[in-house]
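Shared chain: chain A. Partners: chain B in the first complex, chain C in the second.
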Partner chain A sequence: MATPNLRIDVHHVTRVEGHGNIVVDVQNGQLKQCDLEIVETPRFFEAMLRGRPYGESSHITSRICGICAVGHATASLRATENALGVVPSEQTVLLRKLNFHGEMLDSHILHAYMLVAPDLLGVGSVIPLAKSAPEVVLRALRMKKLAGDLCAALCGRHTHPIAMTVGGFTHFPSREQLGELRERLIAMRPDVEATVELFTQLKLPAFERDTEYVALRAKGEYCYIDGEIASSDGGALPLTDYRKVTNEHLVRHSSAKRTHHMRESYMVGALARFNINFDELHPKAKSAAAAIGLKPKVTNPYLNTAAQVVEIVHCSEDAIRLCDVLIKRGLTWEEPVKPARLSGEGVGACDVPRGTLFHNYVIADGLVTGANCIIPTGQNLSNIEGDMRALVPTMLDRKPPEITLALEMLVRAYDPCISCSTHMLNVRFE
Partner chain B sequence: MSALSSLTETRAPELGRDAGPAPAGTTLVLGLGNELRGDDGIGPAVIRALGAREDLPSDVTVLDGGLAGVETVLLLKDAARAIVVDAAEQGLAPGEWRRLPVAAVLEQTASTGGGSWHAAGLAQALALGQALDTLPPDIVVYAVQPLRADFSPGLSEPVQGAIPTLCERILSDLLTLTA
Partner chain C sequence: MSAKPKIAFYEFTSCEGCQLTVVDSLQLYPELLEAVDIVRFREAMSEMGDDYAIAFIEGSCSRPSDEAPIKAIREKAALVVALGACAHLGGINTIRNRHDLGEVRRFVYGDKAEWYDTYPARPISAVIKVDAAIPGCPIDRHEFVRTVKRLLQGRAPELPDHPLCVECKLKENVCLYLRGTTCLGPIVRAGCDAICPTYGDSCEGCRGLVPNPNIEHLKEVLTEHGLSVDQTLAKMTQFLTYQVMEMEAAGHGDPQPAH
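This part shows the complex of A and B:
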């Protein structure tokens, strides 16, 4: 029998980054409220940039996130470079792509193993998982360490990269380091295969809701940096038209802005990229997708984690390829490309682990006078609420703890970084 | 800084480039902390001081673990014995330190609920190492009370002043452990 009245109040959802609440209110079988409240304090990074020399922007904005620090730094550098007419060298582009793979691997491994796997294995956190399946957790730690070491070799350190700068790098890995990373990435293949195997066995919840998927797209590659903004509903826009996609607006219950494009909401992240850029995945990643049972277009948001696993395969294989290319062409010490001008406006975009990230700067006489950063989690919030509104009515015959867990797992599937969007999760049944 | 009441260690595998786990079966002294955050740099500072000592037993590996976070599990995994040095808010006078059996740190972690895996520090790494059953059988933590852990490099006078006695005590541990 359906529950006529239901009140869920998860005050701070766990295993996500930041603070948010889930509030659900069902009266007489009717859904009255279904909100994802974002309760973190705004962080004012855009205001901090004003008046700062352009060269500091990537170092300041990488502090937005300790997980996507390379992503923020890269988007920031691309915005500055586009504003000041800087075209980075081929070597810089290759190094940035390789660096990006390191961060993507680190973030996806943390999410899939530490944050999502405990739900699927019926335990409350990674600690009981470490007791029941230590080899799974040790595998995750090994893979994470390699991802972090890759970033450290390329940009000095992973969190808050120091060697990435406008127009290039200030430090270069040695040929030996690249060769060692390549060997370690190859040696990691059995761990990557075991990760895919694990996710072929784990059962993610069944729930379908079609939505609009948005991701960066570029010809000939599975795009993470630059490209154009593509929608699964058709069409693509240049990066400079990002506001036509994001259409930011405020809602009463959230300190993070919301976005919408062609529908009420859209989804960004690994699943959106998978749906839009499937053809460009590495063949081994396509095989992994087939093994897990993913075929575009996937409309179950819980499968975002499975799409992350497919990307773990893609990024590790593409990182090996990039090491090969860099070793073959030979690394040369390059001075960063100097700006062609000191005033201008530019947009930089990257598809970071959680989705499409935009930085937009106005620079006058070398100083930042205006900045706008649109973070992936902020773009996903309305879509998560859309999923919650569709999911809750189908679960009213279940017990509240079961509904709460399903909602928490849904939010976690998006791998939200609420601090970045300004902002976590607390389910309150009202 | 992380070990006791504070669980604020920044998550990051910011190890020295060649930093890796100690060779299997050896004794490891691991200093943790961020040198850009005032007294949080006590771990790396003790490692440097110990590394310069001629009386350091030859079978001991000293390692600046930086902000190893949860990856500290891997650094500790193959050591037979380990000593960890970290800053920790304990309500003591600045520069005062305590030598804690790992069980005390684990107990404190369990009582405070653990914290976020997005920002895992020593306390969580030890709890995970215990669950994995990969902690060295012999492990102690030297927890040093900071005066300040703000956004500026350099140790405060009382914490800097604690280094000689701290090193003496650790060396005495090492001689006992390696005897």
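This part shows the complex of A and C:
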């Protein structure tokens, strides 16, 4: 029998980063309200950057998020470098890509094993799993530790990176460290295979809703840094046109801004990257996708976690390749490239674990005078609500706790990073 | 043997990176889970316990509506620990305290600024009594585990009260002053193993000032090395704005930020 009246109010969704509420109101079988409220405190990073020396920007903005600290730092450095005419060396580009894989692995492992898997195994957190399935938890911790150690070798620590600076690095791993990381990444392959195996067995909910998918794209690589902004609805724009994609606006129930591009909403993140850049995945990652049953274009948002597992395979294999390249060409202790000028405007973009991230700075005489950061979770919020509005009417014959769990799992599937997403946008540059 | 002590994690204005570092600490010391019973850790678990002896609070208090939940934690917990620079010092969130907050809200939220409640960001100790602090942005995982051990043994955690330079020398790092870079090492509390200078960056002060920092002497040393006093003291407005503004209010008048 259909539920004529239903009220769901999940105060502070758990196992996500930051504070969000799910509010659903159904009266006489009609959906009256279906919101993902963002109740995180406003944080005002863009306002705080104003007046700071450009060199501090990446250190301040990495503090937006503890999970994607390397991503924020990288996007910030690219924005500053584009503003000040800095072209980083080939070695810097390789090290940044390797560092990025460390963060991608860390974040995806955390999300797949510790935040999502408990739902699929019917427990409230990873802690009971330590007793019931210790090998699964130990595997997750082992893989996550290697990801963290990779970032630590390159930039001091994953949260918050130290050695990344405008124009390069202030510290370099030794050849021995790189060799050891390479060996450990190779030794991790059975754990990566077991992760793929686990996600071929776990059943993610069935739900289809086609939407627009947006990700960075570059020829010849599965793009995480720079490139152009590509849409599954066709076309691509240069990074400097990011505002034409994001079209930010405010809604009353959220301290995070909403975005839309060609449709009412779009999706960013692992699933969007998978749909747009599938051809560029490492062959082993393509095999993993086939094993899990993913084939572009995937339109079930719950499968974002499965796409993350495919990326775990890609990033670990590409990290091995990058270690090989760096060892072969040899590391030199390079001084960071000096800025060509001290005033200018620049955009930096990265596809961080949760999707496309933009930083845009205006710098005058070495001080930041304008800043705009657009965060993946902020871009996904409208799409999550679109999914919720499509999902709830199909579930009205189910019991409220079941509907609530399906909605919580949907929100978690996007791996939202809410403390990132709040407060991000300024409307004017001064 | 009594039941395992119950501990809870809470977060206010922050990046949740210190709680992630707690997760990383468990990678190093999984046996910690045998010694305590975690009843609340929203970022990692759905279970929500309301009965706990030790509360770890990450993040600053940055709006009036956060004060009531912070006070409620104090009423329940026997011990409250500030976790990381935002909770301990106010941290990066306090940069905005130097600006006109009405203007800051308008800058980010435009004509919808009134929707978003805020006030000057502050450390948790500005709202309730705090029993201990684990400094740093983020916290040091070894120091976290040391602190938990001491709390479980009923001993007060101790923070080093010597400046960072001591640790930096023991690491045999080349002094950044000799490389022409400013650094807050002489006045900032040690305990991080000088991780930033070791990775080529100067100390930004995330662990807070040593007791009675000798700022006059710092100025002399900077002048000796031909480094800018203004630029160095301006670095204090990255993590230490709340403390700097307190010093100014107390009439020390010094240091003034350069920007």
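By our rule, the second predicted complex is superposed on the first by the 422 of 430 C-alpha atoms of A that agree within 3 Å, B and C clash if a C-alpha of one lies under 4 Å from a C-alpha of the other, contacts with A are read in each partner's own complex, and residues count from 1 in each chain.
Following the convention adopted for this analysis, contacts are C-beta pairs under 8 Å (C-beta built on N, C-alpha and C of every residue); 3 or more make two chains touch, one makes a residue touch a chain.
Quantities reported herein were computed from a predicted structural model and do not represent experimental measurements.
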Three-chain arrangement built on chain A, chain B and chain C clash or fit: clash
Dominant contact partner of chain A by residue count, chain C or chain B: C
Touched partner set for A:A153, first chain B, second chain C, both or neither: first
First (chain B), second (chain C), both or neither touched by A:T200: neither
Chain B versus chain C as contact partner of A:K131, first or second or both or neither: first
Partner chain in contact with A:M114 - chain B first, chain C second, else both or neither: both
Touched partner set for A:K145, first chain B, second chain C, both or neither: both
First, second, both or neither for A:E46, with chain B first and chain C second: second
Contacts of A:R63 with chain B and chain C, given as first, second, both or neither: second
Listed stretches 41-49, 95-103, 113-121 or 221-229 of chain C, narrowed to the one that overlaps chain B: 41-49
Footprint overlap on chain A, comparing chain B with chain C: 15, 17, 66-67, 110, 114-115, 125-127, 130, 141, 144-145, 148, 157, 159-160
Parts of chain C lying in touch with chain A, wherever the complex brings them together: 12-21, 23-24, 26-28, 30, 33, 38, 41-48, 62-63, 66, 91-93, 95-96, 99, 103-105, 107-110, 112, 115-118, 137-138, 195-196, 198-201, 204, 234, 238, 259
Residue numbers on chain A that touch chain C, as the complex places them: 12, 14-18, 41-44, 46-48, 50-53, 56, 59-60, 63-67, 69, 110, 114-115, 118, 124-127, 130, 141, 144-145, 148, 155-157, 159-160, 162-163, 165, 169-171, 250, 252, 255, 367, 419-420, 423-428
Complex contacts: residues of chain A adjacent to chain B: 15, 17, 66-67, 110, 114-115, 125-128, 130-131, 134, 137-138, 141-142, 144-145, 148-149, 151-153, 157-160, 177
Contact footprint of chain A on chain B as seen in their complex: 10-15, 17, 67, 70-71, 73-74, 114, 116-119, 127-128, 131-134
